[in-house]
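Which chain is which? They are A, B and C, in the order written, and residues in each are numbered from 1.
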């Protein structure tokens, strides 16, 4: 039971990361490598403000991440609108490295750590099974956020605008969708989602260094490709699958656990061979990005 | 409509000789100044070969690749493993679990470099077979998976290599002439590939994804060919690197290497050979100056106190800056051209406006920038 | 005061110039047709007025106020809507969702509900197919949705880029009769069409655009002069 719960918990976390990436990709066709640094800065803030109540600590982290996201949009990505996804991707890559180095200068190259949310460690008995508190809390948290995001995207006006802009940005503007505000919202929400991811990760692994959010971001990106690069649902699904598989591999590979990533990538390759457009695509699309 | 289709359509000797001469002059000139600069030149030549490998694929197809480090890793591995001294392979602590046949596996240095090219090409051919079926952006992201896989494998595997440790006692090049010769050879290969019909077909797919197949171009096929050749060149780059450093270490071919070489390509201009060369030279030069400043030394009389780690930050910043300012890179995607000092109408050398359609992934810039 | 006043408008794509100084006026409740051969710049003209393409020089004034260089999302709020070429409905969203999106550009949100009801009575398909995915509608239905979507923003001026594209003749007639109702209610309409005859009888005034310049201005009567029409359309040497 515990491995299953762990897998869902990790899957949910990766789904959140992928969703944050997918939001920004949807409105701007931007693959935002710097999303990793949103996760990292959230983790740093949580660790550094650990003596404050958790809610406050998290709130500051979420605010910081959202502001950083909006800042990167204002200063850099806005100027690159219309230049094409590849250029924006490289820019985000450069920005990501730049931010990593900045964190190094600010926080130092050695990891910062603190015992975050100690009440989440340990296990308890629920329904006769011995399960860790952190996995339960994580599953609950990710499910709640995913449901909330689903509501936002499907039922609110903002969500409608996001979906429209993801389909056809130009026509959305012709209908009155304020492009700058919408994109800013997408970035801000992605920052908040990143903060949740940062929180979940830092509870598990309290050592925060400048490359903290890199691993999950790269894997979440791979997840988006598996799930279908142009739909939010696909992004979340793909992220979930990557996290789920990774967790299962980690649990059951035993000594070969170090090769978990290799097996994961192999699985990715197989999925992509069968469905080059992603799992939620219609099979044989060579999509024009 | 004065849109010139970027890319070579026929042989122009200055476009090949220019880069060759520049590289020769700078390498020998700078390498003669000091021993540490000579080492820097050697590393720069390795980077240049990787940037050239990236150029023939990324520049022509418009598809990004973050996976070339994997080819370099593999090429470096086979070249290093086959030339490291047998005694070390048999006795080193990091290699105690090494697969028996590898201990005695021995190749001549230059044969080992060719082996590096072949291994790079082989891996590229196999992975490219399915990667090129993906759409451009997905393929780019998927190549990250390739890099990650490769890193994960080599980092943890102690049967075929030293794992996370260094493979010691790899013979080094005696000076700059060997890496220089290799780099020049690669420049020639890249030039002739770029003017070949395959590359031309590839560029057509970069410009218009829908029109190219209508002309009989099989996009997957030409991308695969370019990917494979660039895999071979990346393998050479790795093999070169291992003989400059004198050791094989998996981290040397991972994220920093990927980032730096990609930055060099973008800053120089991804659409041309000259762009790859210029990018490497400029970033190397800037990096060297920054390094000296970081060390507290003065360069040509100027001195800055740079905190440690600021160097990468500045290079990253330059990358983003170039993209904001001239996203086609310093060369604007143009090949080498001797600027004509006569009438301004005929000379269209450097310094073009960045309106030029040398963008990646064939987004015609005619319809972009429209009140966005 | 003319509701739409275009003066010496020049625009294009990057280094390529397409419009070389277009001027015309449109009165309230008036309908204007713009016809011309391929590549004349008809779509470019509408897109420039609507803000999708940057103006290189010249002015566009809406109700006396300048909207030159404004963003499309602002221009919509000032009362000018564009129904783009090819309809560009959001095929993955429902008909109702498409319609709701149109409300984004509506200035007066309090009367939004009434506007939606009004538009639904004009185009009944919006009710019958409310929850259908917009991509499943026929071409004619999609065109009606696109027009409805633009209408709920309460425009004073409605621009339509080739509304007859890909539609059967009976459907076209239906669309144009709806457009007549729209002009009758006070909205000015500018229609770009490749097939001149569709528009020349319908509009109060029709402009012939060729190579980025206005070659002639026709009324429904003068449009009956076939020879003159052809000369203006294709140039004197045709």
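By our rule, a residue touches a chain if its C-beta (ideal position, glycine included) is under 8 Å from a C-beta of that chain, and two chains touch if they have at least 3 such contacts.
If you're wondering where the values come from, they're calculated on a predicted model, not measured in any experiment.
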*Most central chain, judged by mean C-alpha position against the global CA mean*: A
*Where are there more C-beta contacts: A-B or A-C?*
A-B
*Sort the other chains by how far their Cα centres are from that of chain B and give me the top one.*
C
*Distance from the CA centroid of chain B to that of chain C, rounded to the nearest Å?*
50
*Could you grab the centroid distance between chain A and chain B? Build each centroid from C-alpha atoms only and quote it in angstrom.*
30
*Which integer distance in Å separates the CA centroid of chain A from that of chain C?*
42
*Could you check chain C for residues that touch two or more other chains and list them?*
52, 71-72
*Indicate the residues of chain A shared as contacts by at least two other chains.*
179
*Multi-partner residues of chain B (each touching 2 or more other chains)*: 365, 369-370
_Residue numbers of chain A touching chain B in their complex, please._
31, 76, 79-87, 89-91, 93-95, 97-98, 101-102, 104-105, 109, 179, 218, 221-222, 224-225, 229, 258-259, 261-262, 265-266, 268-269, 272-273, 276-278, 285-289
*Would you tell me which residues of chain C are touching chain A in their complex?*
50, 52, 71-73, 76-77, 81-82, 84, 88, 90-93, 97, 100-102, 104-106, 149-150, 153
*asked:* If we count contacts the way the header does, which residues on chain B are in touch with chain A in the complex?
replied: 62-64, 130, 133-138, 140-142, 144-146, 148-149, 152-153, 155-156, 209-210, 259, 262-263, 266, 307, 309-310, 312-313, 316-317, 319-320, 323-324, 327, 359-361, 363, 365, 368-370, 372
_For a test of understanding, state which residues of chain A touch chain C in their complex under the given definition._
157, 160-161, 163-164, 167-168, 170-179
